[in-house]
């Protein structure tokens, strides 16, 4: 006798219809009813997945696809914001020129740097905090809520306060540096300092949120794993590296993917970090990210065609990163 | 079966929530429509005119809306203000090209007016029948007029520039303090002005610079030229125009020599240099006096004075336009014309310091006898009126703002951060060219 | 054996996943904290992080209580000045925040509820149902997440203008319902949180996919849906660029749009701007403080786990 499970699973494979000849002694009426039911059953199996994803795709087609097609088309033209329907065919010019657009590559470099120095410490710190929060703590809710508070703050509000804190002449951070005998840093104009400051805003907003996600995953690790590790005489640190981290791998992958996508699109923080310079990302574009460059070309300089090409190039770069990422993680999975 | 039943109950609740959400949504959509249909006239038959502005125009603060609503009881005025023109302007363009989301009256900054007249002229109401050409300074009227002769922007104010200076600091540095004498010292040439700055540096306290910010000086010099970034044919010439390069070099060298402060204008840190008297002179249009007053400590009152600039120029000023897509274009045009009529401009000057673009007011009491707390009894009205009348009729182009911003924010300011003048120039040019290229 | 063909109406108690399956997939161990008690060092480090976390928020309030002159002095103020209530009142009045709060709550609330249901449905389909083109469609979803949002704004606005929606809340609400992240998130969650056996049991019971959704998937997905709703609510609440383009301050603005006009003029009043920023954030902070336990609990339950 087959187990219940394989029987139960059979409808999924579309095998719920009464196979073979019906057993004798059944009324034809019953049989018709069954046939009808199984037709409905099959229709359900075949079509309902589409029905379930349909609302998302309907909205996507309505509000996501048109912009994509439009910008794709616009990227092949010379178009200005002052007349967005007035397009002049440009072929691939907008893409080709990206190759020697030093501002694009500068922005790409900045995006990468800011992305790395905001994502890596953020996730590392989140992991550390999660590890600490995973101890038996007094007032555990308080700590958790406090960590999550920055997440509730809008980019604009966060940028406003950090701009003041990072002020060159009267900012709190330089004042504190002066207190311990360090020179004041020109946070807005220095190349590395400005990137660090912009990253700080990102780190501040997202660390707590990621910490809670890690914490959730940590608490889901079966206790026996730790117990057996402890029996083997593993220290807390060894347990962290040999039990916690491996168990967290899918969660880490998820946060890395989401943070990477977020990092490529960093926009509000650098825009507001030196609002007096508009969207140029500082006097020498030292913290202009791709998102900001795209905004500058499209909105401030009003070159819709160029901006569209930049957007699609960003998109292509992300897809590339995604592919590389999936290849690497598949390799890792295969090797482990 | 209990699980199923609770699940079902939950489903009912969820369905109710969803229905409620949909209902709210529908209700909201209805609200929107209601508002639209009553937007032009509510129960009392009032017409609401909406005004979309950026920064500070001061109509409300000067009580002009109230006055107009009193004169026209059937009119109701609502104002929307966005703080920064960088946010306001791209949205305005987007709204104009799509003919949606527009206010009945929209403000336009002088740095954008050339682009508006060149590209959006057919989206705007011709205001030449509403405003009176003879009321305005000739060049101001021209700036708001399209190539085919439609006036789509009425001038609200202009920004004739003079030099504001601290008498006490000039005296400390051993310079003359009399405005006539100073004006003679640097008359006709900005290089002479910088020369005065060198003299100032010799005698001045160490932490006080002659001028406030590189952007301020560069802007002042460029504003006094007839042609700066575009020639009369509408070609971009900023790179080859010797006037621009000279202005840049003069400013950059002055900054290199330490005659100019390191601050970026309108930043909090710059404000403090005003408050603490860290510089002695700045190029200033009338509205800057209001700014200085706002940032200064009380004891600075009367320590400032105003002298004629080496060459007169204009800094700032705005226009009012009426989009054709508005609901009440006729009433809106009437209001725009009224707000920019000489009498109202004079009132605005008295309250807000926005200098009138209507020369007939220059002989009037409000301008002629204007005084400012910061400058004691200096006849600021006359000085600024003279500057307004002697300002060149400047050729303005659609991308003036982008070029100017590139020269300032990606250019001269870098000199104060240790870059050479040549590096700063090439950084600015690269930035600007990239920004201009379609 | 003919019981394989159990009519759908008849409950088949044996079809419930056996205990073993439930144990490996079922609820996590009931441990509240970790395995060790925290030492004093842990508290010290956590206190430092908490300070870093809360200080900028605290200082926003400090800045809002001062004036421009004081903000440009050394040392910077560390405690409240006299202006806080004044500035908050002015900001509230100037930006007409009462109405803005209602509008934003409506938009963010509706968007949160609708997206988490749609995402759960699509996420379930991607996680547990087999259909042609599933992988391709999933790629489209993930691809959608990667489209830089700044650019869609212009064509989207052309659309809104055609529909004559500018200055109406649906112009903000409807585009915000496209939430690829939500679909991805729910798919990841359901892939590991929803045992196949449960679905199979439902099938054996003869439940249609739709009934399975209602009776099995939604209950399982509830924690993740709560997290998603919260994420979406916060995101929509804080969104600026798009609402700014479609709404004006006197139409029906959202909070972020309403606050954008504050402190305007040649002398921007920093304190007033900070007061606006504070007011825009305060409702969310309050909610986080009051319902902190539930929100954190929700994230803990609904997060994508290992």
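Labels for the chains are A, B and C, by order of writing; each one numbers its residues from 1.
The working rule: a residue touches a chain if its C-beta (ideal position, glycine included) is under 8 Å from a C-beta of that chain, and two chains touch if they have at least 3 such contacts.
Protein names from UniProt, one per chain: A = Sugar ABC transporter permease; C = Carbohydrate ABC transporter permease.
Owing to the predicted nature of the structure, the values given are computational and were not obtained by experimental measurement.
Undergrad: State the pair of chains with the top count of C-beta pairs in contact.
TA: The chain pair with the largest number of C-beta contacts is A-C.
Undergrad: On a CA-centroid basis, which chain has its centre farthest from chain A's?
TA: Farthest by centroid: B.
Undergrad: Cα centroid separation between chain A and chain B, in whole Å?
TA: Inter-chain centre distance comes to 40 Å.
Undergrad: In whole angstrom, what separates the CA-based centres of chain A and chain C?
TA: Inter-chain centre distance comes to 14 Å.
Undergrad: When you check chain C against every other chain, which residues touch at least two of them?
TA: Residues 71-73, 154, 158, 270 of chain C each touch two or more of the other chains.
Undergrad: Where in chain B do residues touch two or more of the other chains?
TA: Expected reply: 94, 98, 266, 268-269, 272.
Undergrad: At least two other chains touched by the same residue of chain A: list those residues.
TA: 81, 84, 164, 169-170, 299
Undergrad: Which residues of chain C touch chain B in their complex?
TA: On the chain C side, the touching residues are 68-69, 71-73, 106, 110, 113-114, 117, 154, 157-158, 160-162, 164-170, 173, 214-215, 218-219, 244-246, 248-252, 260-268, 270.
Undergrad: Touching chain C in the complex: which residues of chain B?
TA: 3-4, 7-8, 10-11, 14, 17-18, 21, 24-25, 28-29, 31-32, 35, 50, 52, 54-56, 78-83, 87, 91, 94-95, 98-101, 103, 266, 268-269, 271-272, 275, 287, 290-291, 294-295, 297
Undergrad: Which stretch or stretches of chain B touch chain A in the complex?
TA: For chain B paired with chain A, touching residues are 84, 86, 90, 93-94, 97-98, 115, 119-120, 264, 266-269, 272, 402, 405, 409-410, 413-414, 417, 427, 430-431, 434-438.
Undergrad: Sort out for me which residues of chain A touch chain C in the complex.
TA: Residues 1-2, 4-5, 7-9, 11-12, 16, 18, 23, 34, 37, 40-41, 44-46, 48-50, 52-53, 55-57, 59-60, 62-64, 66-68, 70-71, 74, 81, 84, 125, 129, 132-138, 140-158, 160-162, 164-165, 169-172, 175, 204, 207-209, 212-213, 215-223, 226, 236, 247-251, 254, 258, 261, 264-265, 267-268, 290-291, 294-295, 298-299, 304, 307-308, 311, 314-315, 318-319, 322 of chain A touch chain C in their complex.
Undergrad: Once bound in the complex, which stretches of chain C touch chain A?
TA: 1-2, 4-5, 7-8, 12, 14-15, 28-29, 31-39, 42-43, 45-46, 49-50, 52-54, 56-57, 59-60, 63, 71-76, 118-119, 121-122, 124-126, 129-131, 134, 137, 140-156, 158-159, 174-175, 177-181, 183, 188, 192, 196-197, 199-201, 203-204, 206, 208-210, 213, 234, 237-238, 240, 256, 259, 270, 273-274, 277-278, 280-281, 284-285, 287-289, 292-293, 295-296, 299-301, 303-306
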